[in-house]
Structures are given as structure tokens and as C-alpha cells.
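Across the two complexes that follow, subunit A remains constant while its partner is subunit B and subsequently subunit C.
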Partner chain A sequence: MANTYTLIASSTVGAGGASSITFSGIPQTGYTDLVVKVSGRASGSGYDFHLNAYLNNSTTAYTERAVYGSGSSAFSYSASIAGYSASLMGASGTANTFGNAEIYIPNYTSSNYKSYSVDNVTELNSATNNRADLLAGLWSNTAAITSIVVTTDDGTAFVQYSTAYLYGISNS
Partner chain B sequence: MPTKLIINCETGEQTEVELTAEEVAQREKDANAYKAEKAAKELADSVKAKAKTELLKKLGITAEEAALLNA
Partner chain C sequence: MAAGSTYTPISTTTLGSAQSSVTFSSFSGYTDLVIVCANLKNAVQQTPFMQFNSDTGTNYSSTWILGNGSSASSSRLSNSSSGILIGDYNIGMSSTVPSTAIIQIQNYSNTTTYKSTLGRYNLTTTEVYAIAGLWRSTSAITSIALNAGGSSNWSSGATFTLYGILAA
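Moving on, here comes the complex of A and B:
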């Protein structure tokens, strides 16, 4: 059980929007795990979009197992994708609402492959088109994680007031 | 020009950088791929919904009555 939860860095998107948010120079000592919390909304039309996160700028070697609910239906999938994903709000969603995601990466400096988990919900304030995701993933790479890039998978931008927070957790 | 945010965790410094032409091209490629994937899914859902409607009509039952078969 984690006994520390320390904010390493954070960012809030300004009026012009931003296509991605990058945390670089992630500390390699002092923490065992990383947590990224994103509150985001994409500028493209639609109710929800995928949030992609790339470790060390890598777009390969990710696999996922996930369950998600959208409206009245539930689904599951397995996939090999370019960066793991959660859901964000899109421009067709209720005004001024955001999708909230948490990405947990244990043992981010180890020389083993990196496991991760993601959970998220969209704050639609509606009885339909709500979405929630829960997934487990693996990045088949032994490199220590030094940077994380979060972006949308539809080529649009994060709108103003989207935020990303990076926390370090020490288990010792 | 679209921008990206880079936060240096060692210094806490945040910089806003304009995307390169290559990055802009990649974003446009991603956007087009997303639209194509979404259109394909919507088409598949539409075909499935139409087939379901036709089957219910053929069986002479409502969607609610069909749902009872799975209850």
C-alpha cells in the first residue's frame, strides 16, 4: 500500500488548446510508482474520444484487456494498440464537462516489462452516451520510463482548462 | 499553428512548442484514420440495426418481447 503520494508536475491547457501534454525528465529515484491524472475534453465533434498515452514516446509494444460501458451496453476487448487509451469528452458532449482518467504505472524504473492500469469516466451529466472504461495493459519494453505523452487519438486538441497531473508514489 | 505542452519534471518549467510540419501531418493522418474508423463502425451498426428490425418484423414480435427470450 502506498504511503506517499507526491505531486511531481502538473499542467493546465491555455486558451489556444494543446495537441498533447508531455511530462519529461521524470525522476528515476525517490518513487516506485507513477500516477497520471487527466481531466480532458477534445475539440473534435463526438461524445467521447480516446486518450492516448505514450511511454518514452514509444508507439509500439502495447497490449490491453479492457471492459467498458457506453450508454446501456457493456463491452470488452483485447487489443494491441499504439499507446493505451481511456475516454475523454468530445465537443458533442454536455458543455463544459470533461472526461477524467487515472493511469497507474507500478515499478516504472524496473528492467522488466511495464504493467499499467487505466480507469476513467466521462462527466456527461446525461442518462445516455455515458462511458466508463477499466483496463489492464502491458508495455513490452524494459526501459525505465523517463517521459509520458498524453494526447487524443483523433488528431484534435485538448481544450482550455484540460489538466494533467503526474504523481510519484513510494512503497518503501 | 497547433502547439504542444512540455513540462520538465526536473525544473518544473513548462514550454509551449509549435508542432513541426511532420507532426501536423501525423495529426491530420490520425484524424482521417479516426474518421474512417468511426464511419465504418457507424455503417456496421446501421446494418446490424436494420437486420434486427427486419428479423423482428419477420417474427412478428416487438423488441421488448424479443428481450424476454434472453431474460
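Moving on, here comes the complex of A and C:
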């Protein structure tokens, strides 16, 4: 039977960094679900940056609800946001370590609102600033997803060797 | 979620009308299974469960961590006859806002160990879950029923896909 976990596109940030990673021209046939896997680190000073993903370049109609653990306590929050958001390590984090996130988007070409699932981790081998996040996301838009732009917040760039992969999954 | 080289679609169901349960009953030749449930809504706010092999005995348990937007908590169900929890236990699924569930079933066909599952449930209006499930049976799993719960139905338009993962 078919192998359906198919790499559509990938990007590795080069020297000098990159302000965003864009997947455009996402196929509208051949797949039913999308998976985005990001391994990234922000160049800005500090620990806690956000990893944002914008669907079809839209900055509206996103909501999310999350539970996360810091290594000592568990927390939860909900928010209306400008794009999917999760945590991402900054330049103050342990050297050579990256945050990792997986976004699963079912039925990305459907005319329904898009409900998606996100798992996100930043592990520093440190007493503080570690995170493991589980997020529920909703983009209240009926448009088929044709592009995904991944950025960090505050205009901070991804550092070299940050990667993003886009996979397509077919349910038939 | 594991990204094996054999993420093979076994069966997909898209509901054309409201339905109380979706069953997968023909799958073999894989080591693990993944179920992706999308555009989930529940006509009446009931809690959905997953049963194996039509077993209605008190052989299921579930432990979960959840976030409701303001606090995180953990709880469990022991010796349940309803099955392994799929979604919102406290409030029930939304009848209007779509939710997503992704369930992994490890080593489903072995006949020596109990079967464990790992589930993720996402509903932005109420809660986000990670759910560990256990079916205390050494039988190979030959059928999977996804029950909307109580007298409720999955709404029209919900999709349920079963994938097979084959160890290399």
C-alpha cells in the first residue's frame, strides 16, 4: 500500500539566520493532513520566545488552549492570538540546544474551521526555563490552507541550523 | 508522533449523517496503529470513549493531564466499562466548535501483554488533553469502536482515519 507520510518541502536556516520560513504552494490534492516539524532557536537575548505559524498569511481568527509543564509545575492558558504560538528557546538557553514543535493539521483543504494539534518542547538541562507544551489550536477560517509561514516573535530571527519540514499525509 | 516509513491509510470514514459510533474492524500486518479524528462535534455534550473487540467489561483505565485555560490538572478513570477516554471528560465535546483527537495504539496485535494507548485531544473552547489509556487484555485488537458516548452522536462531517505503522 501507499507510503503516505511524504515530505513536501523543507528548509534549513543558513549562516546569518532567517526571519521566517515559508511553505507556499502547498498542494491542494494528494494529501488530507499536514504535519509541520520545526526545530528552532531564536537569536534574541533571553529564554522564552514564541514560535508563530501563520496560515495563508492570516493574522486573525486564531485561538489556542494549552497545558504545559516547566519541570516543577504545570500551567494552563488560553488566548486569542495572531497566528499559532508555542514556546521557542532564545539565545540565553543552553548552547547548541533547540526547541522542537510538531503541528498536526487534519483536513487542511476542507471548508470547515481548522482545528489542529501542537506538541512543543524546549529542554535545556537546566533547573529553569524548560517547557513541555500541549496545545489545542483553532483557526476560525474556512479557506483551504495554501501556505504556512513560520516566524519567531518580536522580529527575532531563527539561528543557523534551525529547520522546518512539511509533510503530507493521505488517508486513502 | 512517530513518522515511520509505512504510515499507511487502512480505512477512512467521513460521516454523511450523525452516527453514534464508528468502528474499524479489518487491519493486520502492522505493529502500531494511529487514529486521526477530525472535525469532531457531539450533538449532545457527552464524553466519547474507545472500546476494543466489543469488550464491555470493566477492563479499561485512563489517566490524563489537561489544561482548561487557567489551570492544569490530572485525573483518571479506573475499571471503566465505557472504554478509554477519547475527549472531554468534564464538559463533553462541543456541538459547534470542531475538535481533533489523535490516538496511538502500540503493539496492538500481541497476545502476551495488555494494550496501552497515547491520546491527544484538542478543543480550544474548553480543554486540551494528553491521555494514557490501558486495556487489560492480552487479546490481539481486532476491532476498535469510537463511541460518541451516551445517547449522543458524532455529527455529520466528522472524519475518522486509521493508519498502520510497520516497524522496520
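Note that in this section the second predicted complex is superposed on the first by the 167 of 172 C-alpha atoms of A that agree within 3 Å, B and C clash if a C-alpha of one lies under 4 Å from a C-alpha of the other, contacts with A are read in each partner's own complex, and residues count from 1 in each chain.
The rule we apply is simple: contacts are C-beta pairs under 8 Å (C-beta built on N, C-alpha and C of every residue); 3 or more make two chains touch, one makes a residue touch a chain.
The structure presented is a predicted model; accordingly, all values stated were derived computationally and were not measured.
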Report for A:28: first if it touches subunit B alone, second if subunit C alone, otherwise both or neither. neither
Subunit B versus subunit C as contact partner of A:153, first or second or both or neither: first
In this superposed model, does subunit C or subunit B come into contact with more residues of subunit A? C
Between subunit B and subunit C, whom does A:66 touch in the aligned arrangement: first, second, both, or neither? second
Where does A:117 make contact in the superposed view: on subunit B (first), on subunit C (second), on both, or on neither? second
Quick one: classify A:142 as touching subunit B (first), subunit C (second), both or neither. neither
Applying the document's definition of touch, where does A:76 land relative to subunit B and subunit C: first, second, both, or neither? second
For A:19, select first, second, both or neither according to whether it touches subunit B, subunit C, the two together, or no partner. first
Of the two partner chains, subunit B (first) and subunit C (second), which one does A:92 touch, if any: first, second, both, or neither? neither
Doubly contacted residues of subunit A, that is, touched by subunit B and again by subunit C: none
Of all residues in subunit A, which touch subunit C in the complex? 1-5, 32-33, 35, 37, 63-69, 74-78, 102, 104, 106-107, 110, 112-113, 115-117, 119, 134-138, 167, 169-172
Touching residues of subunit B toward subunit A in the complex: what are they? 2-12, 14, 16, 19, 23, 27-32, 34-35, 38
Provide the residue numbers of subunit C that touch subunit A in the complex, in ascending order. 1, 3-9, 12, 36, 38-40, 65-74, 97-100, 102, 120-130, 157, 159, 161, 163
Subunit A residues touching subunit B in their complex are 8-11, 13-14, 16-27, 44, 46, 153-157, 166
